[in-house]
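Okay, got some structures for you below.
In what comes next, chain A is part of two complexes: it sits with chain B in the first one and with chain C in the second one.
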Partner chain A sequence: MAEGTAIATPGLSSFLKSLKTTPVEPSVAYLISLLKRRQIRNSRQCAVATTALLLRVVGEFKGKDSAKLVERIRQVGRRLTSAQPREVVVGNIVRRVLGLVREVVEDHLDAETNATSDIGHNSQPHNDSLSRPTLSSTISTFSPLKHATAEPLDASTHQSETMSDSGELPKRPGLLTSHTSYVPSSSAPLVNSLFGLFSHPDTPSTSNTPTGHQSPDNKGMLTSLNLERLADFSNSKFDVKAEVMDGIRELQDELDQSDDLIAANALDHIHSNEIILTHTASTGVQKFLLTAARKRKFTVVHVETFPHDHTGTHSVLLTGKNRDHSGDSEEDSFKPLRAAGIQVVMIPDSHVFAIMSQVNKVILATHTVLANGGLVAASGARMIAAAAKAHQTPVVVVSGVYKLSPVYPFDIDELIEYGDPGSVVPYEDGGFVDLVDVENPLYDYVPADLVDLYITNLGGHAPSYLYRIVADHYRTEDINL
Partner chain B sequence: MDVATPTAENPLPSFDIVSTYRRILASDPDLTMPVAAIEALVEALAHSSVSTIAETLQLLERHTNILKASTPNPISLSAGTDLFQRYMIATLNRPTSLGGSVHLGPSDDFRAIRNHLLSSGKLFVERAKASREKIASFGKHFIRDGATVLTNGGSRVVGALLRRAAESSTIRFRVIYVLSPSTSSDSREGHQTVADLRAHNVPVATIPDSAVAYSLGKVDMVIVGAEGVVENGGIISRLGTYQMGLLAKSKGKPFYVVAESHKFVRLYPLSQFDLPIDQKILDFTVSDDDKVSGEQKTSEDEGVADLNPEEARSKCSGKNVDDAVDFTPPDLISGIITESGVLTPSAVSEELIKIWF
Partner chain C sequence: MPPKGKKSQAANKPKSGEDEREAPLQAVILADPFETRFSPFTLERPRCLLPLANTPLIEYTFEFLANAGVEDVYVYCGAHREQVEEYISHSKWKSHLSSPFAKLEFIQSTSHSIGDAMRDLDTRGILVGDFLLVYGDVVSNLPLEPALAAHRARRAKDKNAIMTMVLREVGTHHRTKAQGTKPVFVIDPSNDRCLHFEQMPNREGKHFLSLDPVLLSDHREIDIRQDIIDCGIDICTPDVLALWSDNFDFQAPRKGFLHSVLKDYELNGKTIHTHVVTDHYAARVRNLHAYDSVSKDIVSRWAYPLCPDSNLVQGQSYRLQKGNIYKEEGVILARDCIIHPKTVIGRGTSVGDGSVISDSIIGRHCQIGRGVTIQGAYIWDHASIGDGCVVKKAVLANEASLGRKCTVEPGALISYGVSISEGMTIRGEHRITRAKRKRSHDEGCIRSQPDTSIVGIGGYGFEFEDSDEEDEDEIVDGLVTRGHLYNLSDLALSAESISTLNSESEDDFEPSHQRSEAGSFVSIGSVDSAASQHAANFDHDAAASIYDSLVEGHESANIQLELTSLRMSTNASEHQVRRAVVVSFVKRLAQLMKSGSSVRDAVAQVFGQHKELLDRIMFDKNSSSKVDQVDFMVLLQADLAHRESGDSILLSAATKLVEMDVIEEEGMVQWWESHKSSDEEAMRKVRAKTQQLIDFLNESSEEESDDGEEEESE
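Showing the complex of A and B:
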């Protein structure tokens, strides 16, 4: 499963390298094949690859019709997600980018119509920056989460939805004409989904893909950019592309920094002389622990995660390098925990329950976080979480927001991927395989009630609060790709 | 002044909100109480000639109070009236939100809002029904192939959801239906749903309340309806739902609530006995005769003499057990399926806070 030398074998680094020279379509096909062959795996790598690819897709997009741009991104997104449905992160990134496009377009729509309505009849005297919903904070409005499943009867039957789906493309009028009838609705202060019964044109949540932590500065930059552009050619088409690309770069920054931002919380959660239990070779968790190790002395009990991640775990403990992450050179650059003066105890998975009574805190890495507060993590996670529950030990899950998916786990079995049984029973024992069935599930589903806290790059959240972060990051119209 | 004006120009005495509400509710079996209440209030508005915001709100409040006083269990109803009241306050205070293209003066605004309300009364009803269909359309994804679903009561949303799932050819599922052995409207709805499901070739087992724990081993998920969804994310629903929730939790079965978002109501009950209604379920008595409950029940007993549990129940000292409700706390609920998505119980308070503050 681990690729030997990074440069020779196809993987994230080779993809990123080839992306610079290859045209878009072959790149898409290449990524699809990498995903299908599991040569790019792990949430982070998938996220990085998808973001880079989408940046390319947007960059090479011809024309200025944002509806077509959305359709294009969607189409690429659909192909990618169907190539490897269990890498939910791919879909997450695609949805984030789609949301970005919609946001940019709506901003301009707002600003422009405001401008025109100002000229027409001075009904709404306001400056552009105030009317722009994106400026509001992350917690501005709430659009409740919808399903990752198709809803056959749609906006047409549900009128408040029609209004809220003003970003829904088929219905959106052309970009440039002034929609005076639309503007008051979108800038209306009354944005309540409970009022959906009454037909006033209200738009729930026009907003906010807060591209991380830095959004204040970046957004500010973005807006001032918008304003300039509007001033320049308020009558001509604006450049959706450039802004979306800026947004995608912000997304890339978010991916880069999410581990560090999460790690910044470490001192709040890890105290001196605590015994921390963790598993897998997750970079995020390692950084988290290392940050705490700078100030505090504690003990780490590391569960081996046999059979599918034990090599990674071993190498992380020994050298700080994760062989699975070898593609990313900058990711390798942290020192191992023991070099930071932390006592590390490695235990096999079967010892978890026995040792749990001594553990103060469990820190789990995750593959995907689902909208109901549950998570999909490397197999063994549920056992650890259940053991922690039995011992009343707090379970903290460390995850970037990009892993947070709007998907609702209707069927848990669908989310679990099965890997190579050869890593459980080596091929030399071929005769053994004839006698018994060997299975190697790679993931576990951990239900929300086994988790006490999520730490994301936005801070700490209770599992029951995750729906809100989902609502803030994904547009309801994008949830079905 | 406020006191003088309503009496001067309100034709309030001539308008009977309660009978209007009952008529609306009776006219359409698909209508829920909150929507009927909104409908009735709109009609009340139409019959009045109020012209100011204060008057309107006062009129609404008076009618709401009358309406609440007239029903034994006004929780569901108050969800509708509260929503309507908040809506009126929100719109009347923010004239621009109307969406008109021309800048309107305050009086124009008021008239416009009023006209909008009066002209689109039917629309609300349709929308409420549409939201039920919407819930059904994505709620059906919860039902996986081969699943066994436990449900109770006569919730129309649950009925719609199950029906929708039954219509889809790809899902084969079974239903265990908890039926109350009485002739309350609730159980009629239940019988209707059961008949519908069987007509769609869905195997349905009907059980009494007492068999819930027994059946739970065969159950994959529990889906219930709700009369009201309260602020902490708990639900108020037919008596027996709470025990289903407790049992489902103890067996680790997912417990989903299906409710339209207009059923969200601003209550914060902490226990069963915090509900703002007086249910005489617990009736301690030292006298042995069941005359009290007997006279209460005679009218209901007739049609169901063949059902055994009814005899047992009619001997209970509690009154009106068939119409009673209980409170299911949020920690028992896995998810609330509304027309705007699947919410965790903690999302409910946020939705409510948004319209109240």
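Showing the complex of A and C:
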């Protein structure tokens, strides 16, 4: 609420600018205050800010001890997430980067043990974290099935050792590990093999990348990178930092491209003469629809999303520019759907149920996607989803993988942010202010059973499949920051 | 922290492209509004550190400034300066790691009204460009750019547009609006110019607004608005400070400054504008009523994102639950206690079985017993409430404790550390404190004994008596809406009342007695007020000019020249001249001592350098009865009587004066013997220490008389 047409108001762009000149600690504090003041909001802005900050944190990290690096990132991450626990994306990015560090270290260890096993063993006590039983990395990257042969027990004991070594926080017990463990590392044979029966042909690599050539997924790239380097890697000094920074940059690329990658799926989901219902001024959804609009003609029914996003919605519909993002220089403006020859009908939120019977498909933008397949989206989303359910209209959720969180919604109330009731009831109305309690939730929780399909930058997934992507992207040991 | 500064400046540049942008946005926080509306709490804590929804008030102000992109912040401290400085320097705002401000400085001064503070600011010359003037109790999530842009645009067109007031429009009835004295703004809507300002009821206690007919003929359209929260956010230019300096009698920013500047438009040609906003939150916690309503607004999230669960202060961990219940981590609730909506509970607080809490804000580490009912109350940190108590719409400050089965009726204020014993009922009009008035020698009513009729046997605390009650009808604009309360509070609520007082008894000089003593502006000048009804302005002007000269270290001769011209122009008496000198000297002394000089050094510096000046105000060297010298000493004594360590200052000043031969020994002895110097209790008290000097003088004069009285022949 606090930001407007910013002149002096701090925000994402001012943060990114200051990041270049300011040392790390003030930058962390600055981001925390921006998050607290809600001057950076939206998943995307949070994600961009967090990645940029972590890149800087890693860049300025001194020393070679990867355990310390993990601890440092984790410490920054904890401060950021506690500043604004409802911006789950911040935690996601931190976890992604942590996973990245672990991966780089593990790959390195693998490589070393492969090349010169002596050095590999010697170096283990030095890089005293994250050692795994020696595996041939060539196999591990490509076949989760074969990989499953590694004994889970062994791995978990190893992990607990490393935990105590690096002084990390206590982790969940092994039970959970076996369920959501990370694929290339040793995981439970049962889950993996059962699952592998189906997933193997479709998803050959850990990253589940449907199209290998433009994979934005860092891990795929990283591992292949490592493989290339494998030959001359052995004795040279191993630079964790540089690799992690490369990884973070890839993560940044992923953030940049995710909208386009999602949009690439548009033609599979939107057909001619369909009536599509959507809400909010989400850039991702707009791009998605625009991509489809190039080839097909359909009708869009846009729900106004009053009172939080209606100005944004209006401006997106009229000009294609999201007013709220005007401070964000990266936000490339695009043509409105109307210009692409699509008929757009804007309706107030109250008309959703009435019009739902005519709608062929609902496309929702999200704030956060949770590991159980539920999602947190702009308020009104649940009503739309429920109406869609009543009319058996398919609900498709468009979301970048970065919004997917390993968090389970144990307490839904905690996830939902309540805003200023002033946008619903004017503050001028003294009687109202004094006598009526107005609640104005900014977000809705939509349970998984109301959603039919998720489209991420990795492709389309059923809600029940999301835990899998979570497992691919986050390490179990990082789930509790 | 320069990088931050650069950053936001850099961010500014591409969009504005104006030269004026180059100057960083500065802000002045008036941490002490020089009022007593929060008594008795402000006896022990500065107002800006009182907790509002468990967060010190000044945090909100800083948030607002950070939000507005302010870079340089000057905090103008008044009472309890050490506490404010202590707090801020340990907060995130001061640490160079996390502060969004490039500069955060404290300004200390001896001023005791906003007018003095503004004049002091003017002399310091630190504010170069447009600056924000806010109080240390502003709560706002308002983005300031539109107001700033409008201000700058006006300024570019017309250099005389010196100030923009940011006002929040609310309806006719609103809890957060000022209830007692209601400001009325007359605005020309075509250019947002404020044409007239009046507070209702006005000085005469009437609800009439008299408008200059010229206003009606000059403007095609005027709005007379009362549906406004004056949140005390002003965008000022340095001209504003100059205007303050030009007008020594201005004390209050609205009633004094604004009213007069608007009235004298013909004279000074300056215009003041308004920026009325219709969205976002902006309010001032200007009295207890506002405290109550702003707390409610914050809990109900009207000020979002300034909510408890934003955890503005480091270390807070509030979480929002359904129905606007905010709980910090580590709250212990008994299984069958009931927490109703709109409640905030801080860390470590425990609530016993069967207690019911609603609409209340409870601080950290409070102990709340069983079967307690708390409704609409504000309970600060470390308070304890015994089993079976009922607390409604009251404030319990830190470490206050209630025994079992107490009843606190709506409107009661229980200050720091007060303990109430079992079974007592505290009526709504009670304000109970245990702070001794520091000014007690002035009051003559030290009541450190607990008043058992109020707090019960074994309790500790006594009814707070505001010395100004008679003068100002200082009614704490209470938590409870009571008809008569508002009527009383209408009369004078605040610093505004200072100006009323002054206009009525204009010879009152406001000696700068410690503001921390919170209170009265009654002056010692009244000792001889009858004598100086004429030339009323002289006192003020002369004292101020001498004081300024002292601060800047001008030569005696120059001061003398200025003083003489002032005296001539106002036809002031010699007595007045002496009084002006005494007042300004003592003020300077106090300031020097505050900044760390010892009494002796300060005296030597102030008196020692200005022998010439002192000589020129006493003309009785050659006569035998030293009337002028006695007069001077009496004035000095009277002024010091109200000051901290006045007795020792008097001793060293007297010694110095004798040493310098400004006061002759005879004069000193005559003073000692004069009835004026020993009339009152306070006067006797302050001169007690000087006894040793007199004894010495008596002795030496005996000796000297043997030696031929060389001293006296001079």
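Operating definition for what follows: the second predicted complex is superposed on the first by the 356 of 481 C-alpha atoms of A that agree within 3 Å, B and C clash if a C-alpha of one lies under 4 Å from a C-alpha of the other, contacts with A are read in each partner's own complex, and residues count from 1 in each chain.
We take it that a contact is a pair of C-beta atoms (placed from the backbone, for glycine too) under 8 Å apart; a residue touches a chain by one contact, two chains touch by 3 or more.
This is a predicted model, so every value here is computed, not measured.
In the overlay built on the shared chain, the residue A:F410 is in contact with chain B alone; chain C does not reach it.
In the superposition on chain A, no contact is made by A:I355 with either chain B or chain C.
Within the superposed three-chain model, A:A264 lies out of touch with both chain B and chain C [touch as defined at top].
In the superposition on chain A, contact of A:Y465 is made with chain B only, not with chain C. Contact with chain B, but none with chain C, is seen for A:G373 once the two complexes are overlaid on the shared chain. Once chain A of one complex is fitted onto chain A of the other, the partner contacts of A:A340 are absent, as it touches neither chain B nor chain C. By the touch rule above, chain C contacts chain A in their complex via residues 1, 3-4, 6-8, 10-12, 15-16, 25, 63, 66-69, 92, 96-98, 100, 141, 143-146, 148-149, 169-177, 227, 278-281, 297, 300-305, 310-312, 317, 319-324, 341-342. Contact residues of chain B toward chain A in the complex are 35, 38, 83, 86-87, 90-91, 94, 96-103, 116-117, 120, 123-124, 127-128, 130-131, 133-134, 137-138, 141-142, 144, 261-262, 264, 334-335, 338-347, 350-352, 354-355.
Touching chain C in their complex are the following residues of chain A: 1-10, 13-14, 17-18, 21-23, 25-26, 29-30, 32-33, 36-39, 82-83, 413-414, 418-422, 427-431, 433-434, 437-440. Note for the complex: chain A touches chain B at residues 121, 123-124, 142-147, 149-153, 157-160, 180-181, 184-185, 188-190, 192-202, 371-373, 408, 410-411, 462, 464-468, 476.
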